[in-house]
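Right after this note come the structures.
Next, two complexes with chain A in common: one pairs it with chain B, the other with chain C.
Moving on, here comes the complex of A and B:
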């Protein structure tokens, strides 16, 4: 019969309308935004931030101004100026740091490529999405003071990712410490060996048949082996 | 004020019967799905000539890609057909993998199939909503479609971090593994989806007004469709059995049985029904894939993120995107940037046939014919 299809369709809309009030299977799908907020997903990404480890944000930035992100950024929205001097990073290695680190918010397309290419776990994506600004030019150019956020923030917004990142950094630190310790031990061992040999040579001096001539010899290789770790 | 006594009311068209009227529909017309213009020559209400004009959204995609690294083009492919960014990612990744000879791990192949089929469902859901909107069913069908689309978008967001601009696939796999609990969520959405399709069918497919409005409108014959290079649901609605998932067997499509729905008449109603049926087939593919997905790495360990330089050569990778054959033709000269980068966009090529489908029909039919082509201007203009 003509019109049955239409009536069936009307029944569906009626069911949906009434259901939005009473039926738990057809609940309202919208939420009243500024009052009700849906928590962002863990993987959500909006705009990058720079991770810092210490209390003083500028001193603890992990960024070493290697400029890889600047080069790889598809819309070219990152601007970095390297420092002239070096400072110790989180594992005590001397590194450059960014004097200027700007990201143009109006150009950034939230693609996360800067995060992926960064070898230092220094830049990560924030989940903050209310980024509007009344200043059209200066307000949209975000500098390093505004970009810096502590590692705790990263742990809070991306717990799974941050755990992986922290673990890999801990491995790096452990490696660096182990290397430093090994260096110190090698140095100590070399020094001890040199001392022992010198003492042995000195002790052998009065008793042995050829006392004075070979005595300086053992000290020279010992000094050479101690030299590279010190450098 | 009294009108002068000798003045009579004249209709504007008096004495001008038989003259043709040229109308520029768009680029701001709401039914042209973006910034697209149809220069239509009308005889009364009948279309005599129709010239599609595009390029208003041209963003220089191909030339930008030639000046950026291979990886740097990946987020730009999201912005071609912004409803199906994951399919676009796959097509681009596929052609680069051909170029560089990378192998995709098993788990990544499953993730690709799952995300691509979710995208197909997503795209077709939107399309039927928009098509009905074009026909004058204002609000309700589109609202229902978007309600369901939201569920898939939530899945995609929790996987890739963005709802539409996913930037998820990488050369030799995918960017990250599935988050914990994602598969269960996806299974739930896939299991509940047929209920929406049934509801939508009940709401509209048998609706007499819809049938009267769409059957016999915007007909496209199989011969014309083939000779014009039409692909995707448009071609299948005209009764040509051609689906790259079956023809090329890319990915792991050969492992799962699925049917390719075909139309008889090639009119707007067939194109609408094809999409409804394809969604059901996609869900049939998704169910076993979500259950069978193996553990393992999601990216080829040989794949390099930085300093990626494929050997000189040429490759064309194509997939069956929800709109048709989406292909990327790349020529490498061994440098970090492609020497030539060319996109074969399905919606642009499907659009070229618009005049032939609209001639002799009314202007209102031209609107729904355009709606049934399923264009996204981001891809047409690039």
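Moving on, here comes the complex of A and C:
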């Protein structure tokens, strides 16, 4: 009959109205924001930040100023200046570092492409959203000091992603260590062989030029033996 | 105790008489009618706009709760932590609309654009002058033409709406105005026809006399409200439906459908002119509710003629019934979606109009059978005469859901 639908609908809204005061079946879908905060979801992302590993944020930045993110950034909101000198990164490898690393948050569109292209796990998405500022130009242009955040922060906001990232970094470190070890062994072996040859040569006769030419030969198999763990 | 309540009941009347008595001493004779009118107008101008202000907050809070939100609860007293559950909101809104820039479109007809909100508010306020708010409390008692005056003045709001829509020189304003005209003209007929039943039964157009006619008592305690008769029951709901359409309330708020035509006829209004439209719309709704209360819900009479209820001042009963109807309209707004234009027109002409005509016939029958049939036979007979056409006419408006056939996808 005409009107029964209206009555049913009014019963539903009345139930919602009353239920909103008793939080059992119809909990309120909103919360009073500045006082009550909902824990951010793990998939949430706002703007990028730079990950660092050590106490001193500037020394421990993973970023090596390769500028891939700067080139890939669709709205071109990243600005990087490379350093002139090099320093050891987390693997102990000598790398450049960013002297300047700026992101203009008013331009950034939170696309996460910088994160996806970074080969060094150095830039990640943050969940910080309370970025309102009275200075719409300078206040939203953040430098590397403001961008640097420890890896613990990353683990806290995106635990699953951070575990994957940490694991891949650990593999890299292990690889580097294995390589370094292999290098050291190869060097030692080469040195030992060279020494043996030199001794043999010294025993055979005084031909001074002979040991220098065969010396690089043993290093090739050593490098090959280091290669399989890398693959 | 009873005398005290009786005094409280007549307090506005005695207060006015006292003020007039004092003023008579030193004011010239010819000013006295003007002063008397001003004193009568003051409570209307104070109470109903305040009620509008509170309704805006209550409506937002109620709709919020219906949608499982909290609603406004922040604005209280400025510079303190007192929030008053958000009831400072309307003051903030009022100040905001007062200090906002008044933007008038360059192509607008400036004079008409300026006059439209005023020409809308004045007739709406005039309708209040004939409503009896309490015992002996009617600003302008028109014994011959009360109801006619209400509808005549109320109908002139349509002109103001079209003034606003036309003078804005905006397609959305014009659309809104044309929708409003079509809707108001269509729904005015069922509105007036549903009220005519009361005039037929009581034989008077005076609203005070209509309230008095409902003061009879059934079974020793139940007041003789017109709502308790079959034609009154149906007539009241027909009246409410038509009143909602007249006041542009959901589900009949097509003239200001935000999703389609921004704000309809007052799209091009800003600042306090916008607030005036808003005010006029709500005051129009309150006036319609007030008329519905007067015609069907016994005006300022309590529902039961028993001691503690009759002690409560008559104007409290009126305002209480008005608040209840406002809550009902807020509830409806939270429940019903907006109709389509063709549904709106179809509903007015194919359902409301025949129902009101049948209701007129039934009311006449009710009156003619008053001596020949006892109440217990007359009531079900008249009710059945309304229920059957309701069912028959309503069949066409039920939602028809059939299983959808996807010929090519299957």
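Here is the rule we use: the second predicted complex is superposed on the first by the 192 of 231 C-alpha atoms of A that agree within 3 Å, B and C clash if a C-alpha of one lies under 4 Å from a C-alpha of the other, contacts with A are read in each partner's own complex, and residues count from 1 in each chain.
Note that in this section a contact is a pair of C-beta atoms (placed from the backbone, for glycine too) under 8 Å apart; a residue touches a chain by one contact, two chains touch by 3 or more.
Keep in mind that this is a model prediction, so the values were computed, not measured.
When both complexes are superposed on chain A, chain B and chain C occupy overlapping space and clash.
Contact with both chain B and chain C is seen for A:5 once the two complexes are overlaid on the shared chain. Residue contacts after overlaying the shared chain place A:116 against chain B, while chain C stays out of touching range. Using the contact criterion defined above for the overlaid structures, shared-chain residue A:21 touches chain C, although it does not reach chain B. When the two complexes are overlaid on their common chain A, residue A:160 makes contact with chain B while staying clear of chain C. When the two structures are aligned on the shared chain, A:125 is found in touch with chain B, with no touch to chain C. Contacts of A:32 after superposition: chain C is touched, whereas chain B is not reached.
In the overlay built on the shared chain, the residue A:13 is in contact with chain B and with chain C.
In the superposed model, A:41 lies in contact with chain B only, and not with chain C.
Taking chain B and chain C in turn and counting the residues of chain A each one touches, the greater count comes from B. For the superposition on chain A, the stretches of chain B under consideration are 2-10, 20-28 or 272-280; the one running into chain C is 20-28.
Across the superposed pair, chain B and chain C both touch chain A at residues 2-3, 5-6, 9, 12-13, 16, 29.
The part of chain A that touches chain C in the complex is made up of residues 1-3, 5-6, 9-10, 12-14, 16-17, 19-21, 26-30, 32. Across the complex, chain A is touched by residues 62, 65-70, 73, 331-332, 334-336, 351, 390-391, 393-395, 397-399 of chain C.
Put simply, chain B touches chain A in their complex at residues 68-69, 71-76, 140, 144, 147, 150, 154, 157-162, 165, 167, 175-176, 179-180, 199, 202-211, 305-306. Residue ranges of chain A in contact with chain B, taken from their complex: 2-6, 8-9, 11-13, 16, 29, 41-45, 68, 72-74, 109-113, 116-117, 125, 160.
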